[in-house]
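Notes to accompany the following structure.
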């Protein structure tokens, strides 16, 4: 029996080593990004192009922007692609990241039940739309997860002079964009979504875009290299290569080419 | 492997054992002295304390008071083993069950196998070596249990009613094996309720009642002229018409 | 088409038409969970058996602790392993975060208490049955543990299956330490979570049915083995 156990242990150890090495063959970088970019399908479209050109594999960990920045702070990613300008600037100012660059933008859309009890369709701008929802007290699902979308949503409430926390109609999901949309669809509630996730979201039920187009709903994404001076294991060269590519003409072309149906989801930012 | 036990084990002197269970004295001043040869049979009514006594000799339970003196020393690490009334078989083959008994002795695998085959031959189970031990009949199980004890070549073997509720031919087989074990120099201490068996096997008889020894006598004298009234009643209750021994 | 009908036909399609992406995910799940359960077997079963046989001060506390750990949420285990394997954590230099190895570690920690608790119960019952035999044979307690583990090998398959079930079906730990990275650390459960958050509920259910099929297959194999063994060793 002892012999069998030993053999068992040995093969288990070998298998573990094989798994570890398989995951590390070739050069790879870890990109901490947001659920919105991952779930929209953008990465599946543009990353194979980059990987073919550069030979660098990109492993995407999709989180909320807040979490992605935390992962960067701990040194568990090489590059971040996130969308919360204020938090990004703080991240760089504190020395956790270097060389932030604009990459692209999409926009937020206000979705809700097609019947539109709050009359958001008639709003004169985004802040007015949020105000109408608060006045009517129609159900609202918030991300509540410190993501970029959550941060944007909170900015609109405060611009509308509303303190939503603790209100009966205000529900914090504490989860990603997809689960939040699932909740809103299930409850017939309003929520703020990024256009990318919305476009690829399949369980819409009665939900529809009720308000979009205000320049304030503009949602810019930035790319940041995790500071190699702070975390020496960060793959500086490969990370910089990725940042250069995604902000290059070629990268911009790839981003523009990604469409769902006929709709372009992300617009590269021209420097 | 461990060499045959060198330390003297006999005479085994048992001094004034006491053991209580549920407020009742099961062993109540049990004293006995055994020399190094033969088969001693413990007789006595149910509840007299026979099984508990065997277990305390084997070291399976610690008496509340009293002590055992093994030829002037403590119980040796090996050389004393016990076969239970309902022996438990491991979920494995007959062969593996027998070999298992040699593991604590540090016997090498090849020798374990050879000795197991030999002992199975002697208890008449060689043809079933590969079968599941749990699939054996009652008589076969008891023989396997004896083989499991015998293979370790014990100096003292404790048998707790090894033939209880077995058919006559199985009883015969067990008795033959017990005799053979004895002729190889193993001291045997066994309990039974079968007085015929006691007459056939015993060199001497210990009669126990109420947790103490009433009488310790050679087998012929015990059955011919039991000294205690309790023993007389016990013998008569079991064998009222066969007193012409 | 009705969502559930669609989910079932989709699942059937994934199972029959060999989908390369699904195969990759199923294979990784099996590798990671299988390895975790192997390690869990090596650690958890002896640990449980020792607790079932040994008599030492504080044993009862250990038993309660172990039984309590069975209810440990996988997310908590995930966060703990994340903090340890993070670059800023004590084992950060190994660079294991977001790799299958990290997932194996997390799932091992998850299944060890469960497997140990089941093994403890099984072996303790067997110990009650064999204690006198083993003591009369002069087995020391540690050797008794080995004998009992061997004797209970077929009943302990329940512990292994329970461990496998827990490992294959948990999502919290692998999501956090694996990162659900496409082609690297995406397992069946994280893929299901992803499809759910994309709102593709039928595909999520279909993947769930594939997972169920895999687990049922493994259980069927184990059941057959056990049946065979019971015929052989009563």
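Think of it as A, B and C in the order they're written, each chain with its own count starting at 1.
Assume a contact is a pair of C-beta atoms (placed from the backbone, for glycine too) under 8 Å apart; a residue touches a chain by one contact, two chains touch by 3 or more.
Here the structure is a predicted model, which is why all the values come from computation and not from measurement.
Asks: For the protein chains shown, what form does their contact graph take: line, ring, star, complete or other?
Replies: line
Asks: Identify the chain pair with more contacting C-beta pairs: A-C or B-C.
Replies: Spelling it out, more C-beta pairs touch across A-C than across the other pair.
Asks: By Cα centroids, which chain is closest to the centre of the whole protein?
Replies: Looking at where each chain's C-alpha mean falls, the closest to the middle is C.
Asks: Could you tell me the distance, in whole angstrom, between the mean C-alpha positions of subunit A and subunit B?
Replies: That pair's centroid distance is 78 Å.
Asks: On a C-alpha centroid basis, what's the spacing between subunit A and subunit C, in Å?
Replies: Going by mean C-alpha positions, subunit A sits 32 Å from subunit C.
Asks: In whole angstrom, what separates the CA-based centres of subunit B and subunit C?
Replies: 47
Asks: Which positions in subunit C touch two or more other chains at once?
Replies: Those would be 150.
Asks: Scan subunit B for residues touching two or more other chains and write them down.
Replies: none
Asks: Help me check something: in the complex, which residues belonging to subunit B touch subunit C?
Replies: So the residues of subunit B in touch with subunit C come to 55, 58-60, 77-78, 81-82, 84, 87-88, 90-93, 100-101, 103-105, 132-135, 148, 152.
Asks: Considering the complex alone, what residue numbers of subunit A touch subunit C?
Replies: 1-2, 5, 8-9, 12, 15-16, 19-20, 22-24, 30, 35, 39, 43-44, 59-62, 73-76, 175-179, 181-182, 185, 200-204, 231, 233
Asks: Going by the contact rule set out above, which residues of subunit C touch subunit B in the complex?
Replies: Those in contact with subunit B are residues 129-130, 132-133, 135-140, 143, 147, 150-151, 153-154, 232-234.
Asks: List the residues on subunit C that touch subunit A in their complex, please.
Replies: Touch residues, subunit C against subunit A: 31-32, 35, 38-39, 41-42, 86-89, 92-93, 95-101, 104, 146, 149-150, 179-182, 184-185, 194, 196-201.
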